[in-house]
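Below are structures written as structure tokens.
What follows is a pair of complexes built around chain A, which joins chain B in one and chain C in the other.
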Partner chain A sequence: MRRLRSARPSATPLAVAVRSRRRFLGWLSLGLVAGATGVAVLRATGYEVPADVRGRLKVLSPWEYVVLRAIGDRLVAPGEVNVADFADSYLEDMAASDRADLLKMVAVVEHGAPLAAGYIHRFSALSATEQDAVLTSLNESSLPLIRAGFEALKAIAFMAYYRLPASWPALGYPGPVAPRSLQ
Partner chain B sequence: MIKKSEESVAPEVSLPRADQKLVAELKQSVHALSHKIGERNTKKHWELAAAADFIADQLTAAGYEVGRQGFEVDDVIAQNLEVDVRGTERGDEVLVVGAHYDSAPGSPGADDNASGTAALLSLARQFRELKLRRSVRFVFFANEEPPYFQTDRMGSVMYAKHALARGDRMVGMLSLESLGVFSDAKDSQRYPAELREKHPTTGNFIAVVSDTASAGLCRRFAKLMQEGGPVPVEHDALPGDLPGVGWSDHWAFWQIGVPAVMVTDTAPFRSAHYHKATDTADRLDYERMAHVVVSLSRSLRELANQPALPPRE
Partner chain C sequence: MIHQGRKLSADTNLDADVVVIGTGAGGGMAMRELAAAGYQVVGLEEGPLVETSQMTQLEDEMLPKLYQERGGRMNQDFSIRVLGGRCVGGSTVHNINLCKRLAPEVLQAWERGHAVSGLSEKELAPFFESVESELSVSLIPESDRNENNRVLERGVHKLGWKGGPLQHNRVGCQKSGFCEVGCPFAAKQNAAKVLVPAALAAGATLYTDTQALRILHEAGRATGVVAALLDARGQRHHTLTVKAKAVVLAGSAIGSAALAKKSALPDPHQQQGQRLHLHPGAPVVGLFEEVIDGFRGIPQSYECTEWLDLSPNSDRRVWITTAFAHPIGAAVTLPGFGKTHFEWMQRYRHISVLTAMLHDETSGSVGVKSDGRAQVEYTLNEADRDQLAKGLRACARLLFAGGAKRVLVPSHPPVELGDESALIGGGSITAIPRSAAESIGLAAAHPMSSLPMGDDPKRSVVTSRGQHHQVRGLFVVDGSVFPTSIGGPPQIPIYTLSKYFCTHIAHFLKS
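Our next item is the complex of A and B:
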């Protein structure tokens, strides 16, 4: 092996360059995979959800809960309506395919949309102003699919807001004619 | 159908220059409602609520305390908004001036009816500090458009019933319905068959329209509007079931016995973009709109100060 190898005209500049490029590309691929894994791990961790909330989630994963809560805080009165709690119940009765689509949209908001809007951090880690900018970019997206997905998120946020008696006085709404228990 | 020349709404005749601050104000409101917010109705409930919040913000900034009347329609809480300028001598007599802020499905509703809403917002700003004998109330209605039109879920119907139930003494109602489309082109104005011989065929005027029972208020207000102002004013009191006569929120007030008239550019009888996606902010004539708002403001002040208003006949 050693003899044969040494006998090969491996010392030509072209062969050295090819070998170096292959080595470089190999390391680059490895680096990219490692980097992407690192970023993915970093972006998918660090979501703080209280243990009691985590324990009662029916549909949402903890990170989805955090993201939906953050989206809800920007779309409707911040802190007054917990959109994530409502969404966890509402999504339970939704068709599985619709639910999967909606949760994909949550991932888009959390990871894709901030990058597209020029932010390196995930949505839930952005400031309120930055989050508003990301949501506005989704609302005004040139892609119909993105706009439709965002419409669905807005609908959930709004349903959560409407159904909460605490938000009715601000709307001048006296409440349903018949109590909910009779409906 | 409307002639092609109707597409050009820019004034071709010489009109005095309108108050440019008012022109800018009207443009801004129409743009916010029809372009930034866009189509707004219960199918686009986010936008409907955004429009309500936009109006409420504008009124609050003008110094009003905004009253909201929320009501449930198709799993959505729609809202009417109201503000009052309390009268000094006959404060219990209320003159309602209203406009609907929702738009027809599929339309951004610049003329129908961001234009009427913008005019109402400007009037409200102008009236904030006025001392008038009679109370003037500015009301912004939801759900005028189909499928709620002339049903018990129409915003103005909900409002009229609500106001009646709480004992409001409403002595008259003006509905601002589509105020931004004008044309100097010949035959740019259409009518129901019965009216063709009676009114101009050039769509460069503003119309004051009512049913026959509100003829007194219609004549009185049209006369006030005709006193000065470069935009011609046509008026007519007609059978309420004639096409177009009851096509706005004034209809709701007829149902509870309040004299009510509509001030309008005649909407589908003039605009080729009525209820279409092409009813956009760039097609409106803001100069003439501003002239109309000035006339409305002056006429409304006079009406609110008159000793008595014509009752419903």
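Our next item is the complex of A and C:
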């Protein structure tokens, strides 16, 4: 994919202002990014999800499923866990407004963040290296709310992966020691 | 008798002497004290009853069962994770069992600065003694100190700083290290094990999965509570109404203040929910050559008090102790993602974590979201940011003194130090910049002061006896009543104040 400019946005006057007026401008900035990508979000086509998966999704739309899976593959070990499957279950019991906020962040990653990082294609269509560059730009964003949204996505991915006993040997973590009847 | 809201299938109306909202340290104590005194008590708990046989020690299973908002409650700008209990026993089910009395300096400050009466160290001593005896409070023996806490101890000794062992309320601890997700060995001598069963044995009735919606009051007098019976997914399906002579509020400083607002309690001086303190804290990670295995053993057994002076207007307001997490919690704390993050996770057995917790001056607030949940508004003030920066640097020095080869501050961007030379003297400012204290993620488990007590109704919400200034028969018995931050673990102070307030609640009921 063609890269337009640096993936790391420098500190801008807006960023400085946001730091001092974090909440109001933070929400504003997220709203602008989400709003600017709204048209693209509505065009939620071109996402291929197997019919059986599409049929069992509880809260995610097919495009959200594809994007969350792609995000998860870059945040934790690629191919070892399907973060989207976990998220679809986990988000089901989340408060509706929190779930909506999180899914807005998914839209930002898919449509807004690649543009801000210099790519003309949506996140799920980028190469792994390019996706890492986009995620790095979010991880290092000077906008606290963007960072917070990214931390929320990381939390979902890490929960999906590190809940699995298969992930523990690499850590040297032996797992629970609850009475055998519970394990 | 226990009724599970999820299993009831009709609207229900009850009469009682007293209805208690919440079953944590404050509510559990109130239920037991008042039931034992012969009063007809109905307890309401928003969360479920989680038996020890259900404590699987798995984070992804236990966090949603035991914590408010599944462990994900955040403040308004998502900079602080605010933890609180949502099960029978409240936060005492997942706390780390540290036991400290209210410091004399704090009690004196309340008396002199906040018009609190009758709560001197001497007056509270018999109540503290009774609570400590009942909850089997004891010094954590040196032999039970895990390597993470030994790191802190070594650091304190090497630097010549103040510190020492902590007290806890465990009996039969198996040192499994999973305190924050509930103890399957029933070692915690908490509200769920000690107080609620005793209340039930004395005749109290408990409704779980039952969320208080509003406190009923007429002409300045509390008359009961309307609550929602919740299904297994937390959705309201029927209503429970309890008419009572007294209402005892113990839903934590966040839940209680939110309920006060939802109930439209008279608040002529706009004090309700306006003085929230949180004890926010941040972690610092040390990397060691040797194995630490901080996930095993008693999580917190040693403290550093070098940077903690509880006198009013102190410039030392940081309490340092250990912090550790199981894999999901650790993953969320460590910086980055992908390969970089995984490299840190692979060092899991070799990391030690300390936390700098603020005895905060910042005043936040509690509001109500459009969906009825509590809204926590809290942004650290500049003085507290300075304290946090000092605390991060102090933690780094302790880790190096304890033997760390590298130290990581998981701020944005993360700060990684290869040696301690840059921390000492004038170098301290550049080694861990103040900006680290502005960007680091915080966690808070001690909400306080949202319905503060005092005898001046213009500056407080409840009296020094716990009764609402404007609504007779409404008592608050949780950390909401602390006029200030207390600078230490709040469970013993809450148990104790609740026990003390119950003497006044009983007097009120008699009259």
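Before moving on, here are some points about what is shown:
In this section, the second predicted complex is superposed on the first by the 136 of 183 C-alpha atoms of A that agree within 3 Å, B and C clash if a C-alpha of one lies under 4 Å from a C-alpha of the other, contacts with A are read in each partner's own complex, and residues count from 1 in each chain.
Heads up, the rule we're going with is that a contact is a pair of C-beta atoms (placed from the backbone, for glycine too) under 8 Å apart; a residue touches a chain by one contact, two chains touch by 3 or more.
Treat the numbers as computed from the prediction; the structure is a model and nothing was measured.
With the C-alpha superposition on chain A as described, chain C and chain B clash in the combined arrangement. Of the two partner chains placed by superposition, chain B and chain C are both touched by A:170.
Of the two partner chains placed by superposition, A:105 touches none, neither chain B nor chain C. By the touch criterion defined above, A:158 lies against chain B and chain C together after alignment on the C-alpha atoms of chain A. Ranking chain B and chain C by residues of chain A touched puts C first.
By the touch criterion defined above, A:67 reaches neither chain B nor chain C.
With both structures placed on the common chain, the touch criterion links A:84 to neither chain B nor chain C. The superposed model shows chain C running into chain B at a single listed stretch; among 63-71, 99-107, 243-251 or 315-323 it is 315-323. Touched by chain B in one complex and by chain C in the other are residues 151, 154-155, 158-159, 162, 168, 170-173, 176 of chain A. Chain A contributes residues 151, 154-155, 158-159, 162, 168, 170-174, 176 to its touches with chain B in the complex. Across the interface of their complex, chain A is touched by residues 45-46, 49, 67-72, 75-77, 79-80 of chain B.
By the touch criterion given at the top, residues 53-60, 64, 69-70, 72, 74, 76-79, 174, 176, 178, 184-185, 233-234, 295, 326-328, 330-332, 336-338, 341-342, 345-346, 348-349, 369-371, 373, 379, 412-413, 438-439, 441 of chain C touch chain A in their complex. Of all residues in chain A, only 19, 22-23, 26, 74-77, 93-98, 132, 135, 139-140, 144-145, 147-149, 151-152, 154-155, 157-159, 161-163, 167-168, 170-173, 176-179, 181-183 touch chain C in the complex they form.
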